[in-house]
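After this come two complexes, each holding chain A, first together with chain B and then together with chain C.
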Partner chain A sequence: MADTTVPAPSFAFADAFDRVRRSSEYVVIPLLALLASAVLFSLFLLALGKNPVDFYSLVWRGGFGTSFSWQNTLVRASPLILAGLCVAIPARLGMVVIGGEGALVLGGFAAAVTAIPMVGWSPAPLTLVMMAISAMAVGGLWIGFVGYLRHYRGINETISSLLLSYIAISILNFFVEGALRDPSDPNKPSTMPIGPETMIGPMPGTSVHWGLAAGIVACVAVWVLMNRTTFGFAARITGGNVRAAMAQGLPVGRLVLVSTALAGALVGLAGFFEVAAIHGKANASLIAGYGFTGILVSFLARHNPLAIIPVAIFLGGIDAAGGLVQRRMELPDATVLVLQGLMFVVLLVSETLYGRFAIFKSKGA
Partner chain B sequence: MSALPAAAPSRAIGLETRGMTKVFGSLVALDDVSIDVKPGSFHALLGENGAGKSTLVKCIMGFYQPTRGQVLVNGAEVQIPNPKAARDLGIGMVYQHFTLVPSLTATENLVIARADVPAVIDWRKEKRTLAELIDRLPFKVPMDVPVSGLAAGEKQKLEILKQLYLDQRFLILDEPTSVLTPQEADEILGLLRGMTDAGDLTILMISHKFREVTQFADDVTVLRKGAFVGSAPAKDLTVGAMSRMMIGDMKLRERAARKPYTNQPVVLELAGLFADDDEGLPAVEAVSLKVHAGEIVGIAGVSGNGQSELIECLSGQRPLTDGRLFVKDEPYEPERRKMARFKVFGLQEEPLKNAAVPKMSVAENLAFRSFDQPPISKGRGWLSPGPMRARAKELIAAYRVKTPGPDEPIQNLSGGNVQRAILARELSSDVDVLVVANPCFGLDFASIAEIRGQIMDQRNRGAAVLLVSEDLDEILELADRVAVMSEGKITYVALASETDRNTIGQHMAGHH
Partner chain C sequence: MDDVGLSTVLLAMLAGAIRVSTPFLFVALGECLTEKSGRINLGLEGTLVFGAMAAYAVSYETGSPWLGVFVAGLTGVCFGALHGAICKLKGVNDIAIGIALMLFGTGLAFFFGKGYIQPVAPRLEGVQLGSWSTDPSVQKALEVNPLFLIGIALAVVMWWAFRNTRLGLVVRTTGDSAPAALALGINVDLVRFLATAAGGFLAGVGGAFLSLYYPGSWTEGLSSGQGLMAVALVIFARWNPLACFGAALLFGAAGALGPALQSIGISRGYHFFNAAPYLMTLVIMILSISPKRSLRGAPGELSITK
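Right, the complex of A and B next:
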């Protein structure tokens, strides 16, 4: 045992191999959990008298089979990426924030409200920048408030963020059905449209808007922040053991506030893209559940910002296939929610498996 | 079950284990251990942490099933598939920490501990029965006040009383005196010794205090690394012989010599500190102390008298409600920049709870002090993992931390190695102030010798050391000055050379 403590360059390769083997646990176990939930869901389908093979092939076709379905998937993945980050960043500080939906809705609403007085005289890029800033500011304040309540008032962040979501949704409904309703739109209560000239177009050669690129950049930036900066290191100490963080004199309150505000700003940005690239106005379509699916995204990715990208695409694909499944198999829309719920439960159960398989352990341990 | 033990003589039970072996996965926690505890004897079980004492006791109590081996009670083999079976055989256990319900009275605690509590309790009858029992026992405890109002010694007596009330005639005591003052410990062990001498009781006591073993035990059994080392009458063994049996031929770090202490300037000053506990009740009241350079001030006290709250205040884990801290005559708050500027470091008990992040790697845990300084951070908030690992490898080698590598999560290391890693982190640079709390809690002899040596080294190099410890021996070994904390206040301060265990103990108990 003593010889392993002496640093020797010849061990570098074995060292690296060992690290890969140990971290593969974090890939294999979630994959096993997904497989298990797929099996359970098949039983559910069989009980409904449907063929699971049909279902999974339809999900494949509707989510990933064609270039059209891929684009549909990626459009849905982009808010999921940002919503996943809203869970992943506070998770590094040991907090479970599940209210990204509210910050997304309010961020979108703030973006639309900012645009209304600017449309007509302001150049589109300026309007978009102002919209994005106000969306991020409102989202940041919203989730930052959750962090404030947690640190200074001892209020559980999971409960408060969930309840604040319902308040956020009510605020949106209150304004779009009242003071800010566009009287010329007879169908759905909405704000005034921001107009086609202001809206963000797709990325070149695709029908996918720039929100996907923003999400990917945000994931990389958050990874760098958490793994290559002193801020991220301090946040991880705080999340791992707050008593140890305090004994190191770390500013726990500031870390909590900054992290929650950043998380809220990113999911607020998702709301901005939903308004500026998809709907063109704020209405109840913003309440699409991306904020809640983001919880599943982050947990599946084990709160790793880089893993959030593929996981969000995967879940975006399942989401995108929902319509096709509904039409072809005569299953209700909520079927996909059942699948997501099963995944989440099995995933949480799989947490107990970590450290139980000798194959992932390092030899010396 | 009768709550009234008949007064027949020689009711004590004898217990024997034969070839007890317990294997956990690849770890042999207990290897072929045979002990013989004679009826009416006071038997001490000695061994280091991890020597297998708890495993042996848990096998006897039915918490574990031994891989091999038998338990014999009064010479007949018995099966103990669960703790209830042990209880039915008359084997009871008193734990290191209390298992009483604080909001209930002593009477209520005893009655609800019974296996056959009736749905409706006739309290008057129960009280009468209990009074008769207590009349015949030497233990006197106030029976009608909530347990939370009792002193630690009284609670421990009540724990023992509970076992006797439940008619347990073979008592296993797991370090029963660790929360008591020396006087309380002597009183309780003395009473128990009286009962074993009278043949009413047999005792198997896990301990690491040689003083108690030589004074009270009839026989001693020593375990080491899960194996039986030897068994002998206590009067035939010297303390040196017992400690050699416990640690084997391992060489301990030589005790560091104490440099003579001359008049040095005050470095750390605690000025009128007040703080509340988690319930918002006053826990630290008007604590003022000065610690000089090159001096160790030891704060003794029974656990729960505000020492942990005081340490939390000094290390930034608990806000002060009043009072000031000064380092070198300048105001000091435990926040990162000032910790670095004034070179304030700390060692706390149970480092995985207080000083480390269990899931982060050894390298990361070693960098908690230095991650925002060069070479790990070259400025502007950036962090480089390369220099972090390089520095970790140096520290691991210099402090002989046994780990498979710098990337191993620190929670996979043994307790001694975790504390060694924390030691490496906190003591590897210049130290002006060192705040230490129960640093050796739960560690093996080699680690204890190492840690105490390092603390003495820091003192000799001129650091001002504040040591809070529940282990009076540790304070008497290390401190230049001794202070006693009782009910949140410093009640006594004296030079270590001018006081003794007895005086300190009286102040710990709150008798002035």
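Right, the complex of A and C next:
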């Protein structure tokens, strides 16, 4: 009707506007879900006789209010970014991998084990590179195995990855409480320390380690891989319909293996940074739940690698504020877990809203 | 290892299999019912943990462990009903919801359970089935919990009901083909909702066993994956309640291997044996699933086997 009379340049403008409007659905609905979960969590706190306003202002202060809390937040965000990618990459192929925790733990363990014989004679950069390589290799093999089982043996990746996660934690405990335990450390069973001279320092001008930079670079690289290469295109087709992808002659098996191995390598790298920049050795502190929060990160980001960065910072901030909330409001440390779980449930409920609002639909459709 | 050591280990494993298998059995039967109706609930891990906490708390506050078991079941119904209600919505993935409820349930259990880690609650009493023997270790091995016996009875009843009752047919039809069920005038969503809620009840009871009988206290590390292993167990058991019982015993024995070896002084590699049930689950899945053919007995509507 009237559209036919509009000159061409306005077409382009209307087109772009339409695209923004349609894609804004993917931002508005998750934000609505977050708002709804905040309201529900407030009711939960009120039912317990706690003041929700106190809670949210403490979360703000503990996570984002000061430069100190920002640094704390970013230190937690960096493993969350990589753990989120571990869920997001296989998700493009239609797989739900939830065992990032195990690959992170084993990656960190592999990094520490690699460093032990090298400390003392090898220059620190060489040691670090070898540590990072072994962490990524172990993580990649670990989640890659999940992909192998999925494609070649027909085993559900959600279950196998979580089982492997428990096995990974047992392997870490087996070694740090046995053969590889540092006898000079009476407190917590750990491997030998990699030593302060090997450890990664903070990025200049901050107290945040380089893992954050690595995570951001990885997000951009994965975004390019998934949206601007034939590999990503093939992966998305496979995620849409495996049979159609096979009928097209796409190498589905290889796509699955490469994607899962890449996902595992990245979360293994998170384990490397936890050891090389934070703990200085491998011990049970590696089992911090980043792998599980990473699932929520990826789902909240709708498996979009670029959206993972802000979402990981957001959830890292809530995590960082946990201690403050615990002390000031006398709430258990699991409060953060309850909030995260609630967000996850509400977020998934909100999936049913897609396509229901006319405002997000393109004019022509 | 001499003969005495071996028989001690075998006896300890038998005892362990009976003890450890009960939560597996309950979760597996619950999951079996849910999956027969065509839905998968991965959130039972969270239900199990929350059930364990609720049972322990109620037992401590009221002094009645059986009330604790019942309340644990009710909390399981709530989680199952939540899962069932959310899955009914269009465009929602049942596996993802399961993961979310697993994290949510575990978080809630840790939140409310903080105060119950220290106190000692009254536990469930065992039934002596080994009084015919003079050997105290045999007697100890055959001290079974009533829940174990209830679980066996339930497995038999479910097996019979799936085959011989109208209700069983309704559940199976719903799980095999939603359009066919619809054509028969069955309310598919309602059947699945009820099956998930009932499955949640059983998982909650399984959790109560963990905190009130064996290991018999509430800690945050109480369940590590039993709820999830039970899902794999149901696949292994080919959705047959009787086979679920056998598989639960097998899983129980695997879980009892580490403590059994510890009982004769082999404590090296404790963590390795800790990993045995997970490893066994994985190996069993690899051996029993083939990508080339569909699984016998698998409900046709199940997303996990499609």
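Convention: the second predicted complex is superposed on the first by the 355 of 365 C-alpha atoms of A that agree within 3 Å, B and C clash if a C-alpha of one lies under 4 Å from a C-alpha of the other, contacts with A are read in each partner's own complex, and residues count from 1 in each chain.
Throughout what follows, a contact is a pair of C-beta atoms (placed from the backbone, for glycine too) under 8 Å apart; a residue touches a chain by one contact, two chains touch by 3 or more.
These figures come from a predicted structure and were not determined experimentally.
Asks: Check chain A with both chain B and chain C modelled on it and let me know: fit or clash.
Replies: When both complexes are placed onto chain A, chain B and chain C end up side by side without any clash.
Asks: Regarding the shared-chain residue A:G201, is it in contact with chain B (first), chain C (second), both, or neither?
Replies: neither
Asks: Considering only touches as defined above, state whether A:L342 meets chain B (first), chain C (second), both or neither.
Replies: After superposition on chain A, A:L342 lies in contact with chain C alone.
Asks: Identify the partner contact of A:E177: answer first if only chain B is touched, second if only chain C is, both if each is, neither if none is.
Replies: In the superposed model, A:E177 contacts chain C only, not chain B.
Asks: Does the superposition put A:L149 against chain B (first), chain C (second), both, or neither?
Replies: In the superposition, A:L149 contacts chain C only.
Asks: If we overlay the two complexes on their shared chain A, which of chain B and chain C does A:I295 touch? Say first, second, both or neither.
Replies: In the superposed model, A:I295 contacts chain C only, not chain B.
Asks: Angle at chain A, chain B to chain C, CA centres, as a multiple of 10°?
Replies: Once the structures are overlaid on A, chain A sees chain B and chain C at 70 degrees.
Asks: So in the superposed three-chain picture, is A:R228 touching just chain B, just chain C, both, or none of them (first/second/both/neither)?
Replies: After superposition on chain A, A:R228 lies in contact with chain B alone.
Asks: With both structures placed on chain A, which of the two partners, chain B or chain C, ends up touching more residues of chain A?
Replies: After superposing on chain A, more of chain A is contacted by C.
Asks: Of the two partner chains, chain B (first) and chain C (second), which one does A:P123 touch, if any: first, second, both, or neither?
Replies: The answer is neither, since A:P123 touches no partner chain.
Asks: Taking the superposition as given, tell me the minimum C-alpha spacing from chain B to chain C, whole angstrom.
Replies: Nearest C-alpha atoms of the two chains are 5 Å apart.
Asks: In the superposed view, which residues of chain A touch chain B and also chain C?
Replies: none
Asks: Using the touch definition up top, name the residues of chain C that touch chain A in the complex.
Replies: Listed in rising order, the residues of chain C that touch chain A are 42, 82, 86, 89-93, 95-97, 99-101, 103-108, 110-111, 114, 224-225, 228-229, 231-232, 268-269, 271-272, 274-275, 278-279, 281-282, 285-286, 289-292, 304.
Asks: For chain A, which residues are in contact with chain C within the complex?
Replies: Listed in rising order, the residues are 96, 98, 149, 151-156, 158-160, 162-164, 166-167, 170-171, 173-174, 177-178, 292, 295-296, 299, 332-342, 344-345, 347-349, 351-352, 354-355.
Asks: For chain A, which residues count as touching chain B in their complex?
Replies: 1-2, 4-7, 15, 18-19, 22, 227-234, 236-237, 240-241, 243-244, 246-251, 362-365
Asks: Using the touch definition from the top, list the residues of chain B that touch chain A in their complex.
Replies: Per the touch definition, chain B meets chain A at residues 315-317, 334-339, 346, 348, 353-360, 364, 367-369, 371-372, 377, 381-385, 393, 396-397, 400-405, 407-408, 412.
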